[in-house]
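Structures for review follow.
The following pair of complexes shares a single chain, chain A, combined with chain B in the former and chain C in the latter.
On to the complex of A and B.
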């Protein structure tokens, strides 16, 4: 414990030195120390485990970063002082890991062509092209597969060349018992992962149906099932990931890496295939990679600037494959946003609807909320509590459920609103207005109204609550003195209450606007942005707001995923919403609060 | 009802000034009429769900007569007997993720807010502004990045990767810090600094001031904050729908949707039963903490 003298000097000095000294107590209780050590211990234990995993996977850069971060954390908490760091470190760690990194990632992505077709680096993409571009002719050799593994555990295929047994007329001979076609097995090959296919002497394999004449060609011994030096591999017992790896196995016939044998269909048959492209990578570092068409060696494909293998690497050359890799494309995505004629019309429509939606959502909820608040701002009115409790139900009800429920209520054929409230015959399908068959979520304009109605239902309780709070915060003396001065109730409302209300509620109204500007869930879950019009090649619906539109650009499977374009959009949205909020905060003197 | 206070018989001894019916109707009676209308508007979708959930049948129109088509709790039984759609598991997942995130995020945000509110350091103002700006980024669009981060983390440390509850919690925590810290900062500022000074004079350490004084003083607001963040998280659809794949790892926001996603096996009744079970505790909590929630909502707007 410190003595009194120290304390008072600390306090005196406080005004001269940084004000932190008030909190810079030098005493820490034993309990505090123990807690601190235990917490740090847990963090360090997890960190040691993670470093171990990183080390095993030879991820050197992440390992260095991880060690540095953990060292920094230990240093911050063990060292005396540096209080702000102690309190900020946990939050900062999460912020950097999940928000700042996301921002940085999105910022970079906005300048790349990252999309379904450009989904990795050149190495990954080349691998994918080579993996998927091969030809298998109809009369290609077909093999029966027996799964083995060698002494190192590498999977191996024992391949028995299978030929349909045919009678003198060339018709397949069927098994009299099962009715299935019969095969004869001849040429035996062995494919081991990472090695070339090798021929196997018919005499050394074990046959499915061993017999005395199995060593001669063309006998009915079934196919080869085992070979000395290899153990059987039970493929049915493997995990899904390992089975998938087996499917991707390719056994090259020879060093030219042109012909190979791979699985066809199931795990028990394989076929001989030929590669379409030959890959050359002098130096092994992808500095000058090229794909040459094996059937026509004059066709050489080289990387072009837009992330594809194109003929001779020219930007307008023919592509070797639709699969490309991620490259920086500069401002191309922003160019599309501001310059693409096909995008312009749907985009302008979406932007204007986004603004209309956000403004109307705030206005309608605020007006209704304010009206109720004024209505209930009456000491003589009884039962206010009950009214309030029931009226805030929509706000308390989980939002995603509300969207689903309203979707059901708005169902054109069977929904509650059409059939019960508007009294149409159940199941009416024609668009007869006299039957009150309102196409709630089907017609563009009506869907917009429906979305606003639902948002009003969701939002008016919030506005009611905050306006009530703001009304009650207006000092009673103000209204009393105005009454004494002879002001009528409407004058009091117009000239005193409203200005005060607006001043205190302005920040909340603005943040409500910002919230609705990006109100993804209500639109996405209620209408999915629809009714949709894909005529322009973009998946833009009538009720799509900017954020749902961009979400669809990034994640919709229909028109392909374009993360680059979506990220460019997200940066722009960020700039708009961010600057809007900054201006509003400035106007509401928020900044003075900070200083 | 408490609202039927209109005296229809002639007043006997006048204790209080009571109003005649016409006068009551003109002054407050019409307000009750509007209030009743509003109540119907607010409550009918909710009544509708409850009605559907206890109606036999699975179609969207089976319950349009509101409670009049018979009564059956089959849907509630179905909810817990479908091995492909483990509702109980989803419910537990949502509660685990929601509670853990709400607790941890409020705690971590309070730590940061304490620093911003009470300590003075270089970059404080910039830090606050950055926080406010960062949370403006539509986090939804960061999903590609979040997916990538979790995929990579999962390779090194599987319990934190894709399709894991812990990973989901981490992402929510990361996302809640900007806004949360800023809100807490506002609340902490309302606690007079003189209290800290008095405590420091008595020899309390910074940790003691934080944990035993400031946190305790703002605890009602913390509770509200936790509740709001809990509701926000269990209602979130997008993030778990992209990060979680196995049925047993879904949250109910994603899982429930499976009951009405496939047009051929659509089971509207079971969906509504699930919705009732999900909404009931949330609404109950909300009602219970009503008073605090209202003051919490006003936190940013009206001081005092």
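On to the complex of A and C.
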């Protein structure tokens, strides 16, 4: 317990501190503390859970990073002082999570061959390949399975061979109720885990439907369910892991370990299959795995540099499987971008169109927006509020919908523009490119113009808004005094208003350029990048800008997915847009100096 | 201050423990299966799967996905460990793409289950020597005929009457190779060559057979195909009023034909539909090709894929797939949504519906659309060259343009 004197001095100190506590939040109210502790508690609880999961998955590096970050966050918020860190920490955390990590991941992916056929790591892909490592012929033997266990507790399959019943034409006879083919059970075999499959005498097994004719082959008395020396195994009572283990059991037919019997359907039916490759993985760490063809042991498939099992591991060798895995390919993706002759022509076209599209989009929207803003800035105009509200509408209407509406309007045969405005008979097909049959989204050049028109429609209200704001910020005295000095309206616009406008608008124009450079949605929704020109093998369309082209490479059907190449492109786009923005922002400092 | 801090630490500790308790998943005893299906097919398969699950005591979660994105989602979710155990009712032509990505597990069926399935539907899922899916239902095109105007089915490609035929609908600047495929195979030009382990990457449309088809298209462009670029409603109307009493199309058109469409100046007398049941509409198989060749249309098969998820309860998943291949499940698909069963016994039941019977009979000659990834690269150029020939704007002769285009397609495929 403290005495009263001490208490009063602390109070005084607190009061003093609170006067300049804007930069030093060492004192906090109880409410603040509780809030802080609850929030930190939630963060820590999630962190403890996450570290627990990471620990179980043996992800050591992420675990260390996670603990370090959480410790840092706790230290920042529990520690007295360091207010800037308290404000910056969440922002920095989100910056790392949503910007830097994505950038790092893209950068990393750009140097791999991550694509449809290179989807996982070597361990995962080998697992997938080994699952297809068997062949079942169309006339492979099928068995009914009864599960048993031997005296040592090892699982065993009692197999009753199914012989299909056929009609005179050799076609199987189907059961009218179940739709399955009718059959009789003939040979009986026994597979015990760790031993080879052996034939069993029909006389010693117990039958599902015992009858006098059970000993004759082809009788209808059912399948074998038990055999002396083995106990029944209730597979339905087993856990999922145990039934999965049963499912993966292979009962080899002989020492060559080629033919085996594996389950098909549920746990009660099986078929005879043959193994195709023998897999070897010395050391178990996938440093030297190999697949040897059993039918021809001279054919050995080893990992190649491009992430496939290829013959002798040679880069031009035949593949064992279409499934590969991710490998680092160095600068190969960048090599494709810069070196591929087939890509060069469409890529140069796309780059130049991207720049033209971005520049023209900014210019047209700015000019139209500025013109309307100047018009509405005139003091003599009445009903400005109504006009301004109408002008905002294209901007207020969801852009995604607008793009689709415009797509409909531009339809060559049924679109509003061709049929109503230009008066083409509805739905008529007219092979001549006459005036009332404008191939809006079909012809490359016209489609480019259409895209720019729609982007103008979508973009001018924004420019109109910001220029209106900036115009209103210019003091009226400046224009008045210029008028008194005898300046013409065009001189006022050119020499007084424009420089002042550009100071405040230049950063917005630059960001508008960066936005349009990557204006994915309008291109994707309006033309899909088309009309397509596939002469090069790449799905490059006439109105494709870089980002839609990258999207096609990564995600669209028709070219296969190539995330590695798409990431390499993304990095280049980042560099282009980043450096353009940097240069432009430097330039705008010059404008600020004028001011 | 110290007391307070430790108290707060205790509260924080409690909160942590509580969150941990909430977040720890409980263990279920029954095997469980996660199934993805596109939203369109979900209502068709949902009840069948739930019925099976309650019968077998398996916990089922069916998640509806967007058709356009489910394939890509699967490719990233399965390696990440969040993928489903089964992808239900997905098109068979995804097989090659998904198998190459390593996200599928091959399927083995016993001889008795296999024998119950239409062979071409079962083999639709064959890729690289392994079967990856169990067929659920099939779909193919046929020739719709108005028997009032043309009494008997067309038996040979040479006997198609001029200006009496619509093909597909509204195929725009490109042609529609899907609907023209039976014409093309009438000349023996298959899209890809195939062998015992599935499709190869060799384009089969080049050479003499392809040239013969190109010349055919060129010679008949006015007689058959001139002005075929009319819309859906026109094709329906022309079939009903007898202007073009033959229409190459699929089962999706039947309800519209039976319902009729609105009359307009260019399209009179078509508000009253014609129907299969009243025998005012016939569904015919395709005609014979040249030199005894068979006109083969594409078959689309919706099937159930087993994915390569590590956590799958294999016995349950495989047992479900065997059940799907059986009569009971496929009859249910038919009763629920008029799907044409891939199971032969179920097809017999469904054949009580004359539309299904007609399309299934026509489908006897159908080949599954190639399921290899290379198929994606074929459509665009293929459609364009057909379009050029039929519009009379082929580069050089029709056959030369065709041949050059096929060489380009082969180059695309080899890439």
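Things worth noting here:
Here, the second predicted complex is superposed on the first by the 419 of 595 C-alpha atoms of A that agree within 3 Å, B and C clash if a C-alpha of one lies under 4 Å from a C-alpha of the other, contacts with A are read in each partner's own complex, and residues count from 1 in each chain.
One rule holds for everything that comes next: contacts are C-beta pairs under 8 Å (C-beta built on N, C-alpha and C of every residue); 3 or more make two chains touch, one makes a residue touch a chain.
From a predicted model like this one, the values you see are computed outputs, not experimental measurements.
By the touch criterion stated above, A:359 is placed in contact with neither chain B nor chain C. Contacts of A:244 after superposition on the shared chain: chain C is touched, whereas chain B is not. For chain A, the partner that touches more of its residues is B, with chain B and chain C as the two candidates.
Touch criterion met: A:33 reaches chain C, while chain B stays clear of it.
Of the two partner chains placed by superposition, only chain C is touched by A:264; chain B is not.
With both structures placed on the common chain, the touch criterion links A:295 to neither chain B nor chain C.
In the superposed model, A:555 lies in contact with both chain B and chain C.
Looking at the shared chain after the overlay, A:71 reaches neither chain B nor chain C.
Of the two partner chains, chain B is the only one that A:397 touches; chain C does not reach it. In the superposition on chain A, chain A positions 49, 427, 555 are in contact with chain B in one complex as well as with chain C in the other.
Interface residues of chain A facing chain B in the complex, by the touch rule stated above, are 1-2, 7, 11, 18-20, 22-25, 27-29, 32, 49-50, 53-54, 57, 59, 62, 83-84, 87-88, 90-92, 94-95, 97-103, 105-106, 109, 114, 372, 375-376, 378, 380-383, 386-402, 404-406, 408-409, 411, 413-416, 419-420, 426-427, 457, 461-462, 465-466, 468-470, 473, 504-505, 507-508, 511, 514, 518, 520-521, 524-525, 547, 550-551, 554-555, 563, 566-567, 569-570, 573-574, 577-578, 581-582, 585, 593-595. In the complex of the two chains, the chain A residues touching chain C come out as 33-34, 37-38, 40-42, 44-46, 48-49, 52, 116-117, 119-120, 124-125, 127-129, 131-132, 134-136, 138-143, 162, 164, 172, 174-183, 235, 240, 243-244, 246-248, 262-267, 269-271, 273, 276, 321-323, 427, 429, 431, 442, 532, 534-535, 537, 555, 557-561. By the touch criterion stated above, chain C contacts chain A in their complex at residues 4, 8, 11-12, 15-16, 18-20, 23, 31-32, 72, 75, 79, 96-97, 99-103, 105-116, 128-131, 173, 227, 229-231, 308, 312-316, 318-319, 321-322, 326-328, 330, 343-346, 348, 373, 376-377, 379-381, 391, 408, 411-412, 415. Of all the residues in chain B, the ones that touch chain A in their complex are 1-3, 5, 27-28, 31-32, 34-35, 38-39, 41-43, 45-46, 48-49, 59-61, 64-66, 108-109, 111-112, 114-115, 118-121, 124-125, 127-129, 131-146, 148-149, 155-157, 170-171, 173-175, 177-178, 181, 189, 196-197, 200-201, 203-210, 231, 234-238, 242, 253, 256-257, 260, 268, 271-272, 275, 278-279, 282-283, 286-287, 290, 293-295, 297-298, 300-302, 304.
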